[in-house]
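Two complexes, one shared chain (chain A), two partners (chain B, chain C).
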Partner chain A sequence: MRTGISELAKRLQSREISAMELTKAYIGAIEKLNPTINAYVYLTFDTAMKAAEKADQRLKEGGAPLLCGIPMALKDNICTDGLNTTCCSKILKGFKPYYDATVWEKLKAHGAVLLGKTNMDEFAMGSTSETSCYGAPLNPRNTNYVTGGSSGGSAAAVCANLAVYSLGSDTGGSIRQPASFCGVVGLKPTYGAVSRYGLIAYGSSLDQIGPMTNSVKDAAIVFDAIKGGDRRDQTSVDYDYGSSLAECLDRDVKGMRIGVAEEFFDGINPEIKSKIEEAIKLFERNGAVIENIRLPALKLALPVYYIIACAEASSNLGRYDGIRYGYRTSSYTSIEDMIVKTRSEGFGDEVKRRIMLGTYVLSSGYYDAYYKKACLIREEINREFDAVFEKCDVLVAPTAPNTAFPLNYKGAGPVEMYLSDICTVPVNIAGVPAISVPCGEDSNGLPVGMQIIGKKFDEATVLQAAHFYEQSAGEVIGVYEGGARI
Partner chain B sequence: MKISKTEVEKLAKLAKLSFSDEELERFTAEFDEIIAFADTINQSIEGGTEQIRSVGARMVSFDDLRPDEVVPSLPNEKILSNVEGYNGFFGLERSKK
Partner chain C sequence: MNYEIVCGIETHIELATKTKIFCGCTTEFGGEPNTHCCPVCTGQPGSLPILNQKVVEYAIKAGLALNCKINTKSHMDRKNYVYPDLPKAYQISQYDEPLCEKGYIELDSGKRIGITRIHIEEDAGKLVHENGYTYIDYNRSGVPLIEIVSEPDISSAEEAREYAEKLQLIMRYIGISDCKMQEGSMRCDVNLSLRKPGDSRFGVRTEIKNINSLSFIQKAVMAEAERQADILDAGGTVVQQTMRYDEATNSVSPMRDKENSDDYRYFPDPDILRFSINDEKVEEIRASLPELPFDKLKRYVNVLGLPEATARQIFRYRKVAEFFEGALAEGASVKNAANLIVGTIFSNMDTEEEKELFDIRISAAQFAALVKLADEKKINIGVAQSTLQKMLESGKPVEEFIKPEDLAGISDEELESLCKEAIDANPKAVADVRSGKDKAINVMFGYIMKKTGGKADIRKAEVLLRKLIGQ
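So, the complex of A and B:
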């Protein structure tokens, strides 16, 4: 079992180890493994050592927070003042933000030690992290397979123990799906629970930052530290969670109403389906009440997601014009020519596809047929989730219909890749919280993820159910043993 | 629905992108498939004239907006730090004689 944040904090606070020693150990592991795994695209060892030194001072004085001196990583779309943040895109290569994202500001205040920025799909658009301009990260569980995406580097770093925890972002499953593929825990909080100030925007009505960790407790600790309203993100909410969620995890599932919707199981790999069914039985044996429910509008969730996300992306990515930051083409004849050439040379194919789809669905003549209709169906999906949560405390579903793809697997084309997001996108559309927890392995030894979905701002129940499962099934499924297998 | 190369070129212009002939060929084929996928929203639920509210809109009460206050902004030198600036402005090569 990997040492969790609480245990590391105890050792740091008792001065059994120092933050500098711990950071050096992680730097050593990164130097050894990162050339293979490619989890990090930018290393910040100097600032890490300085932060560790400061953390040691604070730890010596006593009263330091749990995350003080703990080495961690941030996805490359989370702005860090003066440190490269590129969204793994050529168009932002070398970009150094001049401000910190709120989540990073908060973690820094806790004494976090940043080891580097992690690999991802370009602008968080993808399900394998292979659209990164730095090349794909490899799945530490089996390097012939992808990490999933888009927060693939963040998942790989945690899986291979190259960071104690990391932050990812989730627009349509980008925290949960790589967590599932790499056998780690990934929490997508409620829309509005965590500030997105300083998160480079993709689909603003869907994007959410969340933790990726080796245990549910660690996810709760990190969520406790980053949650909260922020005047710089007007969609964030200062919700009163009452107390620390990490301290309220020990709850059994007796009487917990767990919803199971057949729509989440349509077309799922039978091995994954049977793992989730075993987990549902485990909940039931322990006193949970299983409710079979229906979410009929879910069948439209994928096109709704791609229409809304791409519409928002086409607008959000309009800012990359080569004028204020990032890549600029070398020769041009007019400002218009400069902008078009910069964007065409700077963006990769998947980003261009999504900008084009977004432009199409927002264009005159098609707006009503696509974008407006997608927004209406989104409302219907919301209504269905609201109705389901009248009857259930949480929903249980697979995180992904498949385990990790082999590297360079292209399937039948872009659309087949989009279809693999079927289990995760409804959660973003409805703005509810969900966690992916490891739920055993398939016959190839690849991790399977189970998703637990909750009511808005009810991360507490989501985390409690996940923690209960992890504690009850963890020993059997053994996914926490070893992490990286290379 | 079949999308033509001319339509893709028109869209590219709106999106401020350009494609080579070979890219355009490939992109048109892929885009056709993507539009067919987007069309699946027309399967069964008919859209009406109902008011659209996004999740974000529902979370924020418009009766409770913060006052419109001027707060400190970033200094020019920081804003210009990612490009070659010119006397406090963003610099571009001269493109008109």
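So, the complex of A and C:
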């Protein structure tokens, strides 16, 4: 297993290695591998070196936090003052916000070293990162395959050791599914646990920022640093987690009630199903109580998700009109013409598809049949999750029904692609936390991800169960050789 | 005209909170373009709104002052439409759960004009057309507004004006807005249709947008009612459309076609949590409201006994009413205080605005000290008026102009000897009075006033004089 954050922090603090040396190692690896993997779409090496220099000062003085001097990456939809933030969309090409997202402000205060902004599906809409206007990132484990999406670049950067950790965002699975495809850990926190201020919105009631890392412990360390209420985000919650979650990981699963819902296993690739079942057996062998539970409304989660996310997106993306920032069409005859041309040229097909879908479901005459009904079913899904968590501490499910797709895989069209979100979207609809941890490889050697889902604000149990599995199962996937050497 | 006017008014009022509705930027009017702005009110990607609690409070104040029911559970919606002055391409407003509902304003006739709803929302920026270019100033973007929608209960141009005037007065009184129609902090849209008397169905209505003065509301209603009547009389049908009132020609003309009826795709704003206001909070706000203007007017007439004309001049300006009541609290008499305010203080104020601001250099207590001298007949009204004028100009208290010795000089004994003096000095006038030419007594009044510098109590003097003359 790769060197974790706490081990790196120890070496940095003991001055065995400097933050500048560490940063240089990552810069070297990025220069070598990124032209192929395309994990990063914007590199910030100058600011990284300056941040590393500052971090070294702090480390010398002593008492620096764990993340001080650790090189990392941010998804391209997280605002960074003066640095490109484009959502990998032509319509925001060259856009530099003049303020920082709260998560980035927090990490900066810890002494984080930002290497660059990572590739993603345009406006986080997609399951392969192929809708990026910069071209798709490639799966480091096999470059004929996609990374998954939408946080594909963040997953690839961590997988290929081009960053110690990264942040992604998850609206319907965009952290967990690429984590699963690339064989890394991805945590989608409870809705409201992490401030969304500065996260360029896709589906505002579903979006959540979370860490992508090489281990559960690293995920806990990063989550510790970014969580918390924010006066700039009304939907954030100042939940009292008690102590550092990273320090409370060591717990066995004896007596832990683990729920298994058959609805999560419908239509799942049999290879994946058997890997998850093996993991469930591991929990059971170690004293966990397996509860077979039902979530009948789950089959409605996918349409509910696409209606709500697209409705919100159609409104959130209305502001990209070429007037104030970002791309503007080169020739036009009137303001209306300018807006229409800018949006026609600036947005990709998938984004347009979702804007149209969202506009449609909110239109008068259709609102009740689609959006309103979806909100009602959302409440029903929430009630089912609440009921299930009366009986269980966590649920275990596959992260995705399949392993990574081959590049340019079109399948049966967009709807089949939407179906691949079936295991992840219910979690966003219910606003609960979930983690994806690697739990094996398929016959092509592609990683399989297991999802552990918890109650609202019970990231602690989710992380404990995942950590226990990770420690007990050993090396379930091959180690990626390459990337930064330290 | 053989038609009945059916008219409702939608009023947008800018709230006088210090900061904008969803961010900490100032709401101050004017300023260099785009200097009262931040990522939130310019809709930068990734920014999020935080609802200003003061806005909710102000809107509840408005609701309570207009006899509304307050919805203790409410939420914000997004109203989606594209226009360059709207940086997010949606306005955060309220659709199906307005903060206040079902109130009314009572007209002088006793007729009540229903208030359908009051909701809170954000203002948009402003387009500035200059040198063939269009510029956008987002200083106003995010300034809090309330929209007050009336029932279609208004049935004449005069009622329309009275409704708007009363609304303006009440809103100013409770201190939530300066309601300056010329500066756009109060804007009215008038909906109007005609129907045959007795007909229960509504006719086709038009909407006259952005009327910016009270008298234009009255004129616009008249002009539009006439225009619609002409159409109907000629056997035509009124087209549902948005109109503009042109004050220069006193006419109403179509603004833009409403062929494509706008679909705003309202839905609850996921960035702002549903909010609830508890009953204690509502009661706290109710308790903080001042006496409302029309309650005050009634009290001035019925309890204080002021003539209605005088009462009306004082009650309509909250600061004037406060000054007046402050003087009464210091012991000034109702009549003298009211008359000195209306007669002397107002003569220094040419405009409504000056009376609204009521920026004067003396305090209510200082004013009361002067009024009491007049009340106690230590000075007469003429002296009170001229002294008040000097006080207003200098900001100095009454003692600067009327010394205690001036007042002490006119004791009853002194007045009696002055009266004797006056009789001795004016034998002809005394004879005239005795022979029935009563006006001749004025000669002796003049003598006494001259000697005392106007400080004598003329009624006391009269009694004494008549006694001494033997009448």
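Definition applied: the second predicted complex is superposed on the first by the 474 of 486 C-alpha atoms of A that agree within 3 Å, B and C clash if a C-alpha of one lies under 4 Å from a C-alpha of the other, contacts with A are read in each partner's own complex, and residues count from 1 in each chain.
Throughout what follows, a contact is a pair of C-beta atoms (placed from the backbone, for glycine too) under 8 Å apart; a residue touches a chain by one contact, two chains touch by 3 or more.
Bear in mind the structure is a predicted one, so any value in this text is a computation, not a measurement.
Participant: Is A:Lys254 in contact with chain B, with chain C, with both, or with neither (first, second, both, neither)?
Facilitator: So A:Lys254 meets neither chain B nor chain C here.
Participant: Considering only the touch criterion stated at the top, classify A:Gln234 as touching first (chain B), second (chain C), both, or neither.
Facilitator: both
Participant: Is A:Ala201 touching anything from chain B or chain C once the two structures are fitted on A? First, second, both or neither.
Facilitator: second
Participant: Tell me the contact category for A:Pro414 with respect to chain B and chain C: first, second, both or neither.
Facilitator: Once the two structures are laid over each other on A, A:Pro414 reaches chain B alone.
Participant: A:Gly431 contacts which: chain B (first), chain C (second), both, neither?
Facilitator: Only chain B; A:Gly431 stays clear of chain C.
Participant: Which of the two partners, first being chain B and second being chain C, lies in contact with A:Arg324: first, second, both, or neither?
Facilitator: So A:Arg324 meets both chain B and chain C here.
Participant: Which partner, chain B or chain C, is in contact with more residues of chain A?
Facilitator: Between chain B and chain C, the winner on chain A residue contacts is B.
Participant: By the touch definition at the top of the document, which applies to A:Lys341: first (chain B), second (chain C), both, or neither?
Facilitator: A:Lys341 sits against chain B, while chain C stays out of touch.
Participant: Indicate the residue numbers of chain A shared between its chain B interface and its chain C interface, in ascending order.
Facilitator: Chain A residues touching both partners: 95, 98-99, 204-205, 231, 234-235, 314, 318, 321, 323-325, 335, 339, 359, 363.
Participant: Under the stated contact criterion, what part of chain B meets chain A in this complex?
Facilitator: Per the touch definition, chain B meets chain A at residues 8, 11-12, 14-19, 27, 30-31, 33-45, 47-48, 50, 52-56, 59-60, 66, 74, 78-79, 81-83, 90, 92-93, 95-96.
Participant: Using the touch definition from the top, list the residues of chain C that touch chain A in their complex.
Facilitator: My answer: residues 39, 42-51, 78, 80, 82, 84, 87-90, 134, 136, 263, 265-267, 270-273.
Participant: Taking the complex as given, what residues does chain A use to touch chain B?
Facilitator: Residue positions touching the partner: 94-96, 98-99, 191-192, 204-205, 231, 234-235, 237, 297, 299-300, 302-304, 306-307, 314, 318, 321, 323-326, 328, 332-341, 343-344, 347, 352-353, 355-357, 359-361, 363, 368-370, 372-380, 382, 413-415, 418, 429-431.
Participant: Could you please specify the touching residues of chain A with respect to chain C in the complex?
Facilitator: Interface residues on the chain A side: 77-79, 85, 87, 92, 95, 97-99, 101, 196-201, 203-205, 231-235, 311-312, 314-315, 318-319, 321, 323-325, 335, 339, 359, 362-364, 367, 371.
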